[in-house]
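In the two complexes below, chain A is the common chain; its partner is chain B in one and chain C in the other.
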Partner chain A sequence: MEKAKISAYQLFVLILLFEHGTTLLLPLAVEAKQDAWLSVLLGMVGGFVLFWIYYGLYQYYPDNLPTEYVQKIIGKVLGRLLGFFFLLYFMYIASRDLRDFGEMLVTVAYPDTPLFIVSALLMLVMVYTVRKGIEVLARTGELFFIIVYLLAITGFILIVASGLLNLTNLKPVLEEGILSIMKITFTQTLYFPFGEVVAFAMILPYVNQSKKAKVAGLFAIGLSGINIAIITVLNISVLGVDLVSRSPFPFLSTIQTIRLAEFLERLDVYFMLTSIICGFFKISVYCYVAVIGIADLFNIKEPSRLVYPIGIVILFLSITIASNVSEHIKEGLQIIPFFVHLPLQVVIPLLLLIIAFFKNRKSR
Partner chain B sequence: MNRKWMFLFLMLTGLALTSGCWSKKELTDIAFVSALGIDKNEEGKYVGTIQLINPGNVAGGLQGGGGEAPSITTYSSTGDNIVEMSRRASTKISRRLYYSHTNLLVINEELAKEEGIINILDAFDRDPEFRTTATIIIAHDSKAADIVNTLTGVDKIPANKVIKTLKITEQRWGEHMEVSIQEGIKNLISPGKEPVITGFRMTGNTEQGKKLENIQQSAVEENIQADGLAVFKDGKLVDWFQGETARGVTWILDKIKVTDINISWEGEQEAVAYEVLRQKTKVSANMKNGQPKISIHVDAEGDIGEVMVPVDLTDPSVLLNIEKTVEKKIQKEINDAIQRAQKNQTDIFGFGEAVHRSDPKAWKKLKQDWNNVHFPQLKADVTVEAFVRRTGLRNKPYFFRMESNQ
Partner chain C sequence: MPSFFKQRKKKTNSEDHKESGRDQPNNRSLEFIHDSISINLDMIKQKTGNSSDIVIRTLNISLHSEIKTAVVYVEGIVDSISINDFLIESMMKNHALQEKLTRENALEVISNNIVALGSIKLVSNWEQLLLSLMAGETLILVDGTNEALSVGTQGGETRSIEEPSTQVAVRGSRSGFTESIRTNTALVRRIIKNPDLWLESMKIGKATQTDVVIMYINGIANEKIVEEVRQRLKRINIDGILESGYIEQLIEDQTMTTFPTLYHTERPDMVAGNLLEGRIAIFVDGTPFVLIAPTIFIQFFQAAEDYYARFDIATALRLLRVIIFFISIIGPSAYIAATTFHQEMLPTQLLIAISAQREAVPFPAFVEAMIMEVTFEILREAGIRMPRAIGAAVSIVGALVIGQAAVQAGIVSPAMVIVVAITAIASFATPSFAIAISARLIRFLFMITAATFGFYGIILAFIMLTVHLCDLRSFGVPYMSPFAPFSPKNAGDTVVRLPWWALKQRPPFISNENNIRQGKDQKPHPPTNRGMVNSHTRKSDQNES
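And now, the complex of A and B:
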């Protein structure tokens, strides 16, 4: 564990940017059709519960990283193994997100540039930041938080002002009934993006005011849930359900539709800036937690020395995990949620919390 | 100290490398495509007509540009699909085709009738460079190539002329409407709505239209003008709506902004011109005894623009009468449009979507044969409320006094 402290506000900003990372980019809960936003809000409620689990674990062991306290909870050997799985998970998700952004840039903006170059340049910046430590990352977050919000507010005004908002696209509400929305929530939106907050279990010990961390975390999840729901509503009401489900990057298509006063059009840069900024924080946070976790697990004194190798691993992993876009997306939607997200975000933390609860009661 | 200089040097070299010249495109190597026309030849291949902008000849008079050469150049190219056609065009054009600024897509009428527009639009939807906000039109009684080839006055770039004409006529007259590729596709796939696309016609001699002399005269004979609404069913063009029937469609779709409605007065045909200034149309659906019922309500507000018979416009009861007649006229336009669409068995108004919104369960049953069975039998209840607000700078027309003097 590096010697660093971040404030509760910085934690709030980091979680917020992290949550927006890939959700701005990709379509969310398209199976829910016009009720996707409901599914997002339900996922947010689930996100509160999940954060409560991670926070509960953190309260039992406020000075330890998860990689340390799993060893205390389920024993040295098993704990180390589990910790190692978590680190692999963080690295894998980091590489998935990197691939998402690489694919987006290559499809939309740089069709002649190889994916590797685009991803490598992105990774280079992130590796540089992560090497500087969590404090620098958090301060950068504070700075960019303001920029992202300015972009979001002006973007929202532009969309509304150009008269694109067609709220009838959202009707009928609950066409398939609440049960199917619940099903989609529990197979998709709960894990992505809200369950991914599990990465912050590794960052919670760095927060200097542990009481405020809970409030900051819940607020961040709540606000990002509302924001993502608004973006989903915007996408559906501007593009219609069908176009959203056919677009790999629906928010980009929404932004591209803006045409205001004959000259405010082709505002792709809005989308690019916001999504790349948020994506930068998401991948950086994953990369950072992987680095400190490995340093902790293998007793490496200077975690910063690990950053470059881990960065390269994430980069190469992002290139090799799938041979084309469809494969990449399909894995993300059908395999990852059940076999990776569900156990690592929900089942294992919950089991750990229960065991920790009984262990700590006994000792008292 | 040495280290500092070294660092500075590294930063500067970094600057040179990060300027991003990976896939640079020099402006002189790019051909801006302003419009694209698609026809089909006898061999069944697509013929694309590509309208390129000659930047040097577009500049306005004061800058000394313009002059001898036309502001556009067109090339045609063939292919079995759109992408092949576009790539093959490079055998004729010295520059890389750049589609980011393409604003107009013209589709041949025959092609839209026989093959439909479903197959061709995918290329535009998929390509990251092409914008789906581009306007789509159908060449009415002309080839798409004619529309793309014809030079136009006032607006030097024909594609801009077409789009601006469409915009202005949509705002001022209301028989046509601008439809983007995105909207077109949205309506194509929606089971409860079929697309309507404005038609454009080229008048005069097609050969003459390509020549610069065409626009060097005051009365331009070779012109491109909006003409009719093309109505689609299952992606194929089935009918053209013209005149007031076409305006009935734009009424229902709530696209009317300003228009002029003429009514008869005391036996005189089309004697009073009522100018609609703003309107709002609401379409709602409800189920009655298992049958869908549509109600359309129009709220129109406007002024009197012209009278050709002596009418005492100072009398509010006369205005009330005018309002009633206007209401009937609008009602008739709307009913005519609905009847014609029902005859064609194609729901261009989105009534199906209205049913879907109000009763999703019933829609599931109706969806299957909505266009063929349920839509033609649909009862639509049209109510119109029109208001005359003002009468312009004069109240009674000047001939009113003349008549009373006699």
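And now, the complex of A and C:
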């Protein structure tokens, strides 16, 4: 473990930026049509429960990283193996997100630039950051939190002011009943983005106020859930269900429709700035978590030395995980949630919590 | 690996050096002053290489003129009037006391009854003797004693107090620091009349023996930071300190950065204000620039006047300065990115206008911007270094070359000239030169990233810059505080400045626990009923009539 401490507020900011990471980019719960925002809010409630599980585990072992306490809960060999799986998972998701951003940039702004170059640049900045450690990452987060919120508020005002908001697009509410929304929640929004908070199980031991960490985490999930729901509402009410479901980057399409005072138009950069900042934090957190996890699992004294190799691994993984965009998105929507997210975000932590509960009761 | 050995070697070298440096004064200090005055005077001549500015005046005092004494001083750095009037004259003419004088009590009588000057002390070894001679003190040697008197007669020509030239304020004190360290510390003491204003002196520089003073308010400054400053200053082992910049570069937290992690100022009121916030001032003899530690980023956007102007105006100006800083960093790069990669972002008519202008220009936007920026940097550098009389010529050449000829010759487009001009003015409008010059450097980096990757490059460079800023520290205080780590209690005096009655606390990460600045409820409470005041005055008017 790195000798560093972050405050509860910094944890809050990091989770918030992390949650916004790729959700600004990709369409969310499109199958729920105009009720996508309800599905997001339900996912947020699920996110509360998941965070409560991770926090419960943290409370049993407040000074240990998950890679350490897993070994205490289910034994050395199995624990190490499981910890290793978690690290692979973090690196895999980091590379998926990196791919998302690379594809976005190539599609939107730089059609002639190779994907590898675009991703490599982003990775370079992240490697530089992760090398500095969690404290610097958290402090940077605090600054960008202010910037992102200023951008969000001005963006919201611009959308409303240009008269694009058409709330009738949101009706009818609950057209297909609550059950279908529940189904979409449990197949999509619960895992992405809310279940991804599992990465913060690795960061919780760094928080210096452990009581406040719970409140901060829950608040961050709640606020980001509301923000994401607002973004979904904006997308649907501006573009309509049909356009949202066909657009690869619905939020970008929404922002592109802004036209105000004959000169504020085509604000692609606005979207790029916000989404890259949030995505930067998401991938950096995954990358950082992978680095400290590996350093802990393999007893490496200086985690910062691992940053370059792991950064390169994530970069190459992001190029090789899929041969094209549609393959990449199909994997993300149909395979990953059930075979990767569900066990690693929900089932295993829950089992660990139960075992830890019995183990610690016995020892007391 | 080789670099590792190299470092080690260096380290041992410097250690050897230090030891030898330490040994020398020890050897010398063993040589006590000799009994015989002629040997002593010869010794002084020999040690100083018979320098022509050293004045040795031998006198024979006492009734029968049998006691040989000598007055030794360095001309130019002493106050010659006081030496003549209060030292030499009183030694020669004080007949009443001359009767008492004997060889044994000579020094005592001279110091107690003859010399009419404030500071006087006994020295017994050569090192001290020569140091005090070189510091502007006057030595009195008496034949037959192995001690000497050293009288404080520092003086000589110094610059008088003038208005600071780098930090001008419309409202506020007009006095600026001078080159004399005593004047400078006095200027601050005149503002803070408090016994808790503590000064610690030390001499740094083996050859120059420069006076360095740490000033802080005991009970407000954080003891840990004071100790850290002390330690870092004591570590310095260098031949000379010519300006506070030497000290700054030897004690700063990080060298590999363009950002200054120590603030320097010419204004006594700014030093006083910073001391009251719990910071520590480092005065260096020979320069009007005083260092202030610890420093945070936002300090470079604060001008002394902000605190004198009303809060709304101060806040507006601060926000303006932050925007100016951003413009001076990303001005040209945004233009490059927009014209090269993101033409769709510009409004159509503006785009047509720009591309019509650029039609005749043979270079890509990046080269165009580089030509203009480099030209401007050359002009600016020329403007600073050249003699004043030629200034007008340079500005005419600059205006014609940049403004007109370059556009007419088709080398750059008029839009580019506007962008460069705005950027240049923006970098002049930043209140601190130290931060403006680092923005100048970073601007070129941004231009390169913008030319290769458009706005994506700018965004990435911006993220990297922010990470770097968050990584910096100044004496343990994070550079970007109070934003990162965020502390709402301190945010009142950053990009905004709240009214004085709302700034209740000192920044707790800088000062110690005693951080309450003002009593409760300092908000002004004028009587709400205007009529009441008027009726009162009216009544008194009636009484008078």
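The criterion applied here is as follows: the second predicted complex is superposed on the first by the 364 of 364 C-alpha atoms of A that agree within 3 Å, B and C clash if a C-alpha of one lies under 4 Å from a C-alpha of the other, contacts with A are read in each partner's own complex, and residues count from 1 in each chain.
In this text, contacts are C-beta pairs under 8 Å (C-beta built on N, C-alpha and C of every residue); 3 or more make two chains touch, one makes a residue touch a chain.
It should be emphasised that the depicted structure is a prediction, and the values quoted were computed from it without experimental measurement.
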*Kindly classify A:52 by the partners it touches after superposition: chain B alone (first), chain C alone (second), both, or neither?*
neither
*Given the touch rule stated above, what does A:186 touch, chain B (first), chain C (second), both, or neither?*
neither
*After lining up the shared chain so the two structures overlap, which partner does A:316 touch, if you call chain B first and chain C second: first, second, both or neither?*
neither
*Between chain B (first) and chain C (second), which, if any, makes contact with A:219: first, second, both or neither?*
neither
*When the two structures are laid over each other on chain A, which of chain B and chain C touches more residues of chain A?*
C
*Does chain B (first) or chain C (second) touch A:266, or do both, or does neither?*
both
*For A:60, select first, second, both or neither according to whether it touches chain B, chain C, the two together, or no partner.*
neither
*asked:* Per the contact definition in the header, classify A:110: touching chain B only (first), chain C only (second), both, or neither.
replied: both
*For A:308, decide between first (touching chain B), second (touching chain C), both and neither.*
neither
*Go through chain A and flag every residue that touches chain B in one model and chain C in the other.*
110, 113, 265-266
*Name, in rising order, each residue of chain B that touches chain A in their complex.*
22-23, 100, 128, 131-133, 182, 185-186, 189-190, 353, 356-360
*Residues of chain A touching chain B in the complex*: 107-108, 110-113, 117, 168, 171-172, 175, 239-240, 242-243, 253, 256-257, 259, 265-266
*asked:* Quick check on the complex: what are the chain C residues that touch chain A?
replied: 341-342, 344-345, 347, 350, 453-457, 459-460, 463-464, 466-467, 470-471, 478, 480, 483-486
*asked:* Per the contact definition, I'd like the list of chain A residues that touch chain C in the complex.
replied: 7, 9-10, 105, 109-110, 113, 118, 121-122, 124-125, 128-129, 132, 136-144, 146, 262-263, 265-269, 272-273, 276-277, 280
